[in-house]
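Consider the two complexes below, in which subunit A is the common component and subunit B and subunit C are the respective partners.
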Partner chain A sequence: MEEKYFGHSVERKEGRGKVTGRAQYVDDLAFPDMIHGVTVRSSIARGRILGIRYGEGIPWNEFAIVTAKDIPGTNEISLILHDQPCLASEFINHPEEPVVLLAHPDKYLLEEARRAVHIDIEPLPAVFTIEDSLAKRTIIWGEDNVLKAYHVDKGDVDGAWATADVIVEGEYRTGAQEQLYIENQGMIAVANPADGVTVWGSLQCPYYVHKALVPIFGLPAEKIRVIQAETGGGFGGKEEYPSMIAAHAALLAWKSGKRVKIVYDRAEDMVATTKRHPSRTRHRTGVTRDGKLVAMDIDLVIDGGAYATLSAVVLSRATIHSAGPYVCPNVRIRSQAVATNAPPHGAFRGFGAPQSIFAVERHLDQVARAVNLAPEELRRRNFLHRDQTTATGQIIHEDVNFDGLLDRAFKESDYHAKRERFAKENPGATVKRGIGFSTFMHGAGFTGSGEVYLASVVELEATAEGCVRVLAASTEIGQGANTIFSQIAADALGISYDRIEVAQPDTGAVPNSGPTVASRTSMVVGNLVEKAALDLKKTLVESGLLCDACTEDEFVRACKRYIETRGPLRTRSQYEPPPGLHWDDTTYSGDAYGTYAWAVYVAEVAVDTLTYEARVTDFIAVQEIGKVIHPVLAAGQIEGGVAQAIGMALYENVAWREGRMANGQMTNYIMPTAADIPPIRVFFEEQPYPFGPHGAKGIGELPMDGPAPSILNAIENATGVCLREIPATPEVLMEAMAGKAGALV
Partner chain B sequence: MRAYIPAYDLRVPGSLSEALALIGREPGVWQPFAGGTDLMVLLEAGKLPHKKFLSLTKLADFRGIECTADAVLLGALTTYTEIQAHPILQAEFPLLCTAARETGSIATQNRGTLGGNVVNASPAADSPPALLVYDADVELVSERGLRWLPYHGFHTGYKKMQIAPNELLRAIRLPRRAQQWKQYYRKVGTRKAQAISKVCFAGAARMENGTVRDIRVALGSVAPIVLRAVKTEAAIRGNRITPDNIAAAKGVLAREIAPIDDIRSTARYRLRVAQNLLQEFLMLLSR
Partner chain C sequence: MSETVAKINIACIVNGARQRVQAYPMARLLDILREEMHLTGTKEGCGEGECGACAVLLNGAIVNSCLVPAIEADGSEIRTIEGVASGDQLSAVQSAFLECGGAQCGICTPGMVIAAMALLARHPHPGDAEIREGLAGNLCRCTGYQKIFASVVRACKTSGEKLAGTR
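Coming up: the complex of A and B.
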């Protein structure tokens, strides 16, 4: 097939609309009878609701007021488990728990009313840290505070310690992080018993919202419709939480009989919606004197917050990535997601992997030091290659050339020369420079049997004018999904890019192509688009209306004739797993992912010893991602992910006060600005993956994984200080440097 | 927007006499509203308790930068953008220009005013340390007339100032004596732009044959007010810059400031960094 569009940086499908302001985000949508809704939340972390009082001075009879009693169906946000209520009815489990919903035409009066609702709560003991949750003195979830646990066993770790010359231990921690998409979350709903429920909103996964609304209203599935409005970023933050807002807007609409819009402001979005799971990882690693890994014992815990939500799957990805891209004959991983009385933590680009990769990549630098090897040399002696097995026992059937990626990253960053120069210049310098790296992978698509279970479907439909529409539930959230689908379909059909349209995701009109998550859209759904497109062309060829090597005019005529004579021209493709993939959920072993992206990232830092501020001054990202579909979008994914990960590594610190985010403003939650981000130099190695479109693999989450350990490895190179937690804020760095230099004044 | 807008009132007097008459008649009722860059943030968050405001936007007397032979007079409504662009301020008062450049965003710099920064009285404000180091005076106006006060001492406690409810801050005067002084300013806010100071340090000194003849040091975000560190200054004044003297001065500074833990930083960090910046400033003097 000719690659006329694949591999080229064509204009984004929705780019002009966004740049000119024509794009309609949920807060741009208005309907004549629409009123506004707000959420009244708990004020404390855990307790029992005694009563709700509505203060004086508010014309309450003008308001639609919804509590748990008004829910027509089941009071739950259905996801993996059903533990999270849509509105708290008796027990409060986190400080932002929704209790009462209000709607009114006047937005300002609505805020006054929100302040006038008083929820009386009898406090109960609460749990705020991983340690307190594990201690099980106070049980806040289930029987033991454990939302999910996994065991991975490869070889015999206990038997292997004797063969190790050196054993290295370390504990590593990562903090919560806000997604900070540009557009805050929001929904509009219309809902009544006759027509059912329709919502428009900012979201990643239309069918997740659909699934959640069905039990809440107790309606048949076809009476629920979810439509994605233009969406200004997601990063995982709009994977699950939109179900909550959709349910709230729909309940207010149901009660009031009017359309209801709920749009969060930044403060509410920051404090109430999900964040990245905080984590604690302990490594115990046995290594021979010549640097061969013989045993890895990993104990990983993530903080899930008050409800189970997606913690089980976040933990799964964290677990599988926790041993890194290395061959070790004996690996034991014990992982748990535990409950605390904070708002539930959720999906965020990387989905657990950035946490566990931070730990292993920081730890391997310590292991290298312990056996007197350069960090790259230790890794070279243990890199995973073709036909070798990962921690879950997955045999790698593709060529993995980490040595080549490392060589290229070191060449582009001038790693060795800089390391030498910094060692010479740092003594006596106020600003100390360092360089560090990490080597890592990211599994593309859903874990284990996830894709088989999803069984995603894509449809293509031709019009009589010879245009082709892609029907999928995969959402354009700024990453370029519509552009990529169009490139793939245009090449498969042999027609121009402009003839491809991507339908607005609407559960009433598009099949379920799965959620827009897990670096799966290009690779998995893109492949389905290609299959459906090839099938559409084949249908025309087999019906005798088209020859294989046709012109665009011939294609247009063939579509017209087909539709006139035979009716709608529509094709459908459904996911089929690549042959030979096996995953065992009970032993947590086998082929965790169909494939992985492989990468080496190098960070250069400057650490000011007067202010303890570390800045990233240069960044090199080398990765093998199969084939690049759109060079500008692909580089943009890497640059954006690296920038977001620099925030995670050095700046973004959630100030927790009894389960509540105290710095829910962009003035006090320090996200880096453009001025804080270094040049990010992106390099792709291409090796086609046979089961992705034209050989493409997933890319979206990969760049979140490698920067934090690279940066902290670089800080250690600059200062000699071994930091084991992120964010490495100046306060953290000061305490560590002061500890090294002696007590503070 | 979380504020209940109908509860708020904003008057826009067309002249100074009208403005002064209003606050003379109802002292304390009408709070001045200049650029609004602090007030509007609170309003948006529904956290602006005061409801009645007096816009200064039409008061021409409060605008402009005027230079005489021995002083520069800045109207209270002078914006950060105007400060940065002014050639005499650039040449003689670089610390004020740097403070203006490092305050907020471009939008904030276009609207935010020097007078507003002073009377908003945030201990984390970026321009007051520079004003203290330049030995500024402030001019207050009421129906009874004008009075000048030294800026040092104007802030008496957290959000407390020597300004009566019937007075407005009209201008800030900087004596043109700083030219021969060595000057230093550093804002530490973790990110390079749009940051609120964790520590802000301004210093100026006049050197003579390796001895510190005169010195002024001021810091933000380390006390309930932006602080002139007079005890630290006294410890250095008349001395040469030696490692022992630097260590002694850092010790005095530690006892003079009172940093706290809050959501932005820690007391330990602020103390240590304040000392380090003092050291950097003193090292600059010795060069």
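Coming up: the complex of A and C.
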């Protein structure tokens, strides 16, 4: 097949709408009969609801008011478990938990009304930290506060300690992080018993929302329709939470008989919706004097917040990535997601991997020091290669060339020369410079048997004009999914890119190609697009209307003829796992992912010893992600992820007060600006993956994993201070440096 | 409230066209653009002057329209993202964003395009530091800014950009 579009930076499908302001996001949609909805939430973390009072001075009879009693079906947001209510009715389990919904045509009056609703709550003891949850003095979830736990065992860790010359221990922590898509969450709904429920909104996974709405309304699946509006960024934040807002808007629409729009403002979006799971990881590592890893004992805990939501899956990815891309014969991982009385933590780009990779990559620098090896030397002695096994016992069947990636990253960053130069220049300098790196992997697609369970489907449909529409539930959220599907389909059909259209994700019109998460869209769904496209062409060829090497005009004529004489021209493809993949959920062993992206990232920092500010001054990202489909989009994914991870490493601090985010504003929750981000230099090594479209693998989450440990390794190189937690804000640096003042002068 | 507070009249020129609307005095310029004039290209990201998604040119100067009381718009001349392209003809800044990957999800893009225009009006050939400083009031969560910088550089190279209307 000719690659006319694959590998080239063609114009974005929806690019024009975005640069002209014509693209319509949910808050840009308005309808004559539409009214507005708001959510009244709990002010405290845990308690029993005693009653709801509606204050004076508000014309309450003009309002649609919804509480749990008004839910026609089951009061739950169904995801993996069924523990999270759509509206709290008896108990409150976290601050900002939704209790009452209000709708009215006048936004200003609605805001007054929201403030006039008082929810009386009798407080109950609450749990706010991983330690308190693990202590189990107060049980807030299930029998033991544990939302999920995994055990991974490879070899015999206890027996291996005796063979280690040195044992290195360390504890590492990562904070919560807000996704901070610039478009706040929002939904519009129409709902009534006759027509069912239709919602439009900002979301990543139309079929997740669909699945959640079915039990709430107790309607047959075909009476529920979910349509994605243009979506202004997701990063995981619009993976599971949109189900909640969709349910709320739909309940208000059901009650009022009107179309209802709920759009959060920034403060509500920040305090009420999900964030990255905070984590605590303890490593105990046995190593020989010449730097061979002999045992890795890892204890990983993530804070899931008040309900189970996606924590089990986030924990799974965190667990599998926690031992890094190294061969170690003996590995034991004990991991748990525990409940606290904070709003549930949720999906965020990287999905647990950035947390556990931060820990292992910081820790390996400590291990290297303990055996007097350069950090790169220690890693070189333990890198995973073809035919070796990961922590879960997965044999890697592809070439993995970490030495090559490392060489390239060091060359591009001038690593060795800089390390030498900084060592000379730093003593006596106020601003100290350092350089550090991390080596890591990211599994592409769903974990374990996830893709098999999903069994994603894509359809293609030709029109009589010779255009081809891609029908998939995968959402364009800025990453370029529509463009990539079009490139793949155009090449497979041998027609021009402009002839491909991608249908708006609408559960009433497109099949379930799975959620837009887990770096799976290009690799898994893209592959399905290609299969369906090849099948469409084959159908035309076999019907005798087209020869294999056709011109575009011939293709257009053939579509027209086919549709006139035989009816609709539609093909369908469904996911089939690559051969030979085995995963065992009970022992948590086997082929965790079909493939991985491999990467080496290098960060250079400048640390001001007067202000305690650390800045990233240069960044090199070298990765092997299979074949690159669209160079500009691919580099954009890496750059954007690196910038978010720089935020995670240095700036983005969620200040918690009794389970509530106290700094829910952009003024005091600081994400990086154009002035904070260094040049990010991106390099791809391309080794085709046989089961991705044209050899492509997943890319979206990878760049979130490596920057934080690289940056903290660089800070240690600059200052000699060993930081074990992020974000490394000036306060954290000041405290660490004060404890180590001698080393700085 | 709707009964007690009277709306006021606001007259201004938006993208070259005369506009007359009624709004509550506490409404923001952002609200009258989006809700009264249906110019939804200008976005709200934070409502507190931090993100720049709501940036417009007010009498030639860049402002965050979420911080401007509607009453200040009375008698002014405003340019929003809808007034940047002429028909189907994209401006040099818009074309550059399209070609260089300066827009991912696109929600920051209208504000970024306005900020880039304001920057180029001040510095027709900005250096790296000027670009970073000129765009530091506009947050983008998707791109990591690299391709936005590249878009600005590309825009100054392409000759077409007439900066008329930006001052």
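In this text, the second predicted complex is superposed on the first by the 741 of 745 C-alpha atoms of A that agree within 3 Å, B and C clash if a C-alpha of one lies under 4 Å from a C-alpha of the other, contacts with A are read in each partner's own complex, and residues count from 1 in each chain.
Here is the rule we go by: contacts are C-beta pairs under 8 Å (C-beta built on N, C-alpha and C of every residue); 3 or more make two chains touch, one makes a residue touch a chain.
Computed from a prediction, not measured in an experiment: that's the story for all the values here.
Contacts of A:Y651 after superposition on the shared chain: subunit B is touched, whereas subunit C is not. In the superposition on chain A, A:D265 contacts both subunit B and subunit C. Judged by the touch definition given at the top, the superposed model places A:L610 against subunit B, while subunit C stays out of reach.
Of the two partner chains, both subunit B and subunit C are touched by A:Y108.
When the shared chain is aligned, subunit C comes close enough to touch A:V19, but subunit B does not. Taking subunit A as the reference chain, the count of touched residues is higher for C when subunit B and subunit C are set side by side. By the touch criterion defined above, A:N663 lies against subunit B but remains apart from subunit C after alignment on the C-alpha atoms of chain A. Look at A:T673: by the touch rule set out above, it reaches both subunit B and subunit C. In the superposed model, A:M734 lies in contact with subunit B only, and not with subunit C.
In the superposition on chain A, the residues of subunit A contacting both subunit B and subunit C are 108-109, 112, 265, 665, 667, 671, 673, 675.
In the complex of the two chains, the subunit A residues touching subunit C come out as 9, 11-12, 14-25, 27-28, 30, 106, 108-109, 112, 179-184, 230-235, 265-266, 477-480, 632-633, 635-636, 639-644, 665-667, 671, 673-675, 677, 679-680. Taken together, the subunit A residues at the contact with subunit B in this complex read 107-109, 111-112, 115, 265, 267, 430, 609-613, 651, 655, 662-663, 665, 667-668, 670-673, 675-676, 729-731, 734-735, 738, 744-745. Those residues of subunit C that touch subunit A in the shared complex are 1-2, 24, 34-35, 38-48, 50-51, 53, 80-82, 84-85, 90, 94-95, 97-110, 113, 131-133, 135-149. Residues 1-6, 41, 44-46, 188, 190-196, 198, 250-251, 254, 263-266, 268-269, 271-273, 275-277, 279-280 of subunit B are the ones touching subunit A in the complex.
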